Amino acid sequence: MEKTINLTLKVWRQNGPKEKGRFETFKVSNISTDSSFLEMMDILNEQLISENKEPVAFDHDCREGICGMCSLYINGRPHGPDDDVTTCQLHMRKFKDGETVTIEPWRAAAFPIIKDLIVDRSAFDKIIAAGGYVSVNTGGVPDANAIPIPKPDADDAMDAASCIGCGACVAACKNSSAMLFVSAKVSHLALLPQGRVEAARRAKAMVAKMDELGFGGCTNTGACEVECPKNISIANIARLNREYLVARLGE
Amino acid sequence: MSVINSRIPEGPLAQKWTNYKDHQKLVNPSNKRKLDVIIVGTGLAGASAAASLGEMGFNVKSFTIQDSPRRAHSIAAQGGINAAKNYPNDGDSVFRLFYDTIKGGDYRAREANVYRLAEVSNSIIDQCVAQGVPFAREYGGLLDNRSFGGAQVSRTFYAKGQTGQQLLLGAYQALMRQVNAGTVKLYTRTELVDIVIVNGKARGIIARDLVTGELKRHFGHAVVLATGGYGNTFFLSTNAMGSNGSAAIKAFHKGAMFANPCYAQIHPTCIPVHGEFQSKLTLMSESLRNDGRIWVPAKKEDAEAIRAGKLKPTQIAEENRDYYLERRYPAFGNLVPRDVASRAAKERCDAGFGVGATGLAVYLDFKSSIDRLGKNVIESRYGNLFQMYEKIVDENPYETPMMIYPAIHYTMGGIWVDYELQTNIPGLFAAGEANFSDHGANRLGASALMQGLADGYFVLPYTIQNYLADDIRTPRMTTNEPEFIETEKAVKTRFEKLMSIKGKRSVDSIHKELGLAMWDFVGMGRNKEGLQHAIQRIAEIKKEFWSNVRIPGDMKGMNIELEKASRLADFIEIGDLMARDALNREESCGGHFREEYQTEEGEALRQDDKFAYVSCWEFKGQDSEPALHKEELVYESVKMVQRNYK
Amino acid sequence: MSNFLTASIGRKFLMSITGLFLMMFILVHLCINLLLIFDDSGELFNLGANFMATNPAIKIMEPVLGLGFVVHIIWSLIISIQNMKARPVAYKVSQQTNSSSWASRNMLVLGALILVFLVMHIINFFWIIKFDPHSLSKVLIDGVEMEDTYTLVAGLFKASVVYDLMYVAGGLLLGFHLAHGFWSAFQTIGLSNKVWIKRLQFVATIYAILVAVGFSVIPLYFLIKF
């Protein structure tokens, strides 16, 4: 049943990439527990606009948990205190009346802050550009059913491919490592015969780019898997390690 | 006559595309490098077009308002993508897919375009599989198909409930491969704010860097708009928060026709609005209607008690429930098409039988299916959807019926294009949901993904060459030409004007007002009086916006309120166009339902003798009404009949 | 190949290979040590220790083991520094307890404490046996004269409660370090998947308990019995 709560918000504010940031404290009241976390942020922003202040900048788009645009490190957890959801699907019934909620951006050297809670995740695009694809041009491909693929492989590839590129794995990892993200793409493509052909090249190129961009290394804490809104398994990281080592040691 | 020339190739329907390709002009490889193509939007259509043109050797500039091409809202499509592969051997063919699409569109789409769409559908599946899209497979290792609304065959390919995501990632990866190869230059967090026309041809755009706030001029020998639909005119829709119709309005202002703006699809199974703070509506897959029964209380007092929270749906006895779809449409029951199901829900709620706190919801009940098939079967079919529902609504749909209500989902109308996907402005193309071309008045499930990828992978890469072949001697412009400078200046003036209003109301509060007016008068049920009222109401909202909107901050740096305000100004214009088009179209067809034009049983009634045309609206200035042009629809291969689902 | 050992996965590969090697050593070491508590005369342990000291294969492995330790330690520092650089600004509020184990997040701390213990341990025993064998008394077993290391070890454990507790602590630290290190090593070299990850974690727990209990039980045995 609907009820309302009052909250104190401690929000990271930062005017630009090079500016110094700070926490600002706001109060919001009569927040319906049926509203989503981002709707609560909308209400905060309406309040700020009515006071002629600048609203808090945060990334969001589809608000149904698939585009990977929303982020936010809420009370010490990426995507906040619920499991298997993105921030846009986190609802206020997960919070208590009178609670203080600390909202921070993703923190990683590879994800510099653009403004307030918005970070630059173009590093992920650069990693994909380095090799996260199958090198086929449009047209001139064989019939879709020309190569049968065992269902378990196709299913595993699908599970790995469900990564939404939100960056929660990097945010959750104490090393700001992007290994779960990279491994998900390497696994997805390496599991399919179409992607197998250039699997070695892909693993090497993507890992090299990941290292270059300043992400940390994996120390297998497993936090990424727990905080991943799409349940991407760290078994993918083992597969990436295998692909990479075989590729490098075979040089 | 008019500016309307659809340029459909000669010859029999099945030969048109082949003939076109055989005789079109091509650009040789050394010239391709010298030609710049601007592609705005990185959804299925934009990303696939940018990747394909990049591979061919053109110099592509790709723009997205998001931080990454992968965020485009194509990613949210759940169900699947149609193709005429006939893998299940159930009698499918290119012609049948073509026919179903034309019929599903209520005979308001262009035959030649739709046939081409059906023709290239198979290549899309081949292409995606080659890219590594993990479509669902059978144990034998071959691709699995499912059936979808509006078809008698199983022709829908899917990747779990995330088909749009997987197809978009395929196109995104192909795009990033070209970025890596240097053929595509990617501009993220960059928004098109105007189109530059030089000597009557589209030659570039003015783009705003959303991080720095700077305006930049970009030259292109051709400009492609793949910017999606305008469903967010309604504020609440299943679209992403950033989806907008601004590119279409910019094109419209520059002289491009806006076609069929009133055709908007309303999806019947969305999670209902639950409060004023609501920002977006979440779609629950259409597949739920396979096993769920839709009902409302038969007695008004029961409905009132439920709304007051005094009664639970499970306490209503079977005989006091009104399974209104089964009652009205015994043949199709709960599986009537989207538009029919949506209108029936609205009718019950308007009559006072709606449930939920707001009274704007109906029940989708799985109890009889669970009793018949067992909880396990239902869980295996819809487990992820049930979980999503529970996360949002905090009710367990295994125990209590789901609440659903229709919501704006997709816009069939859009920028007018000819057979080559070129607008009436030479050099300006539109692809995907942004154009109007293939879905007529109503889109079938699993056809949006097909159209986006068809346009981007297999149509534009051909047709744009036919245009560019004449442009190989046009040197790159410096963007210091007067047309660029003037357009940029106009854009700057507009932004300054927005910033200078310094009123009292937030952008969202005005947008919500627009959305409400749209939903009430240009929504599921429209009538002459309501539409006239809507046009007046929208004019008031426009005035309110331009005199009382408040945008904090300044034009430098990131200013999200300014972005939203600029888009809302365009939505207001689209709202006006939608209302005008709906008023003009005195018939009911597909997603457009005029209450005056229905059969005795309340079904949509087309007026083929008067309205078998595409409405093309031409901009005549901010203070004048737009002018209507007509593209007559000629059906040579199919016969127009009335749809019947009784 | 040149930059393999500086690539993130390459560095971890080295950690994992040296880790696996050290874990094998620990198992052997534990087996020999357990001889301490199965024969109060010390004969068994002295035989074992003598075998380890004189066997040529073990002699060859000794510097390799030393190298293993050195590489494991140095690379752990390099990796930790790199990883810290990846997050220049820390979170104000961070709640990691439900997403990862304490040991997995604190391998460097555990490792450092183990290093302190190791230094003490080397001074206590290894140094004396290796470089000052004359200080040890000799025993004759089966006609072979050898150093009486049993007396050295048992003597320390019998004499000092503080040392006993230090060695128990050392065993526990090692246990925590290995509970994560064991399966993590397999994960890093790619010998894991959805099924095996759970099995490896299970074996890791067993192995860690074995090591922790095994090493702790020895000083406790002497503490309680004597």
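First chain written, first letter: the chains are A, B and C, and each begins at residue 1.
Convention: a residue touches a chain if its C-beta (ideal position, glycine included) is under 8 Å from a C-beta of that chain, and two chains touch if they have at least 3 such contacts.
Every value quoted in this text rests on a predicted model; they were computed, and no experiment measured them.
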| item | value |
| --- | --- |
| Central subunit by CA centre of mass proxy | A |
| Reference chain C; chain at largest CA-centroid distance | B |
| Separation of chain A from chain B, taking each centre as the mean of its C-alpha atoms, in whole Å | 27 |
| Chain B and chain C: spacing of chain centres that average the CA atoms, whole Å | 63 |
| Where chain A and chain C are represented by their mean Cα positions, the distance between them in whole Å | 37 |
| List of chain A residues in touch with chain C within their complex | 10, 23, 73, 75-77, 102, 104, 107-110, 172, 174-177, 179, 207-208, 210-211, 214-223, 226-227, 233-235, 237-246, 248, 251 |
| Interface residues, chain A side, partner chain B - complex | 1-2, 15-16, 32, 34-36, 38-40, 42-43, 45-46, 48-50, 52-55, 57, 59-69, 82, 85, 89, 91, 93, 114-115, 118, 120-122, 124-125, 128-130, 132-139, 141-145, 148-151, 154-155, 157-158, 161-162, 164-165, 188-189, 192, 194-195 |
| Residues of chain C touching chain A in the complex | 1, 4, 7-13, 79, 82-96, 98-101, 104-105, 107, 180, 183-184, 186-194, 197 |
| Of all residues in chain B, those that touch chain A in their complex | 48, 51-52, 55, 66-73, 75-76, 85, 87, 123, 125-132, 134-143, 159-160, 162, 165-166, 169, 172-174, 176-177, 179-180, 186, 188, 211, 238, 240-242, 274-275, 277-280, 282-283, 309, 357, 388, 391-394, 457-458, 461, 506, 508-509, 550, 552-553, 557-558, 560-561 |
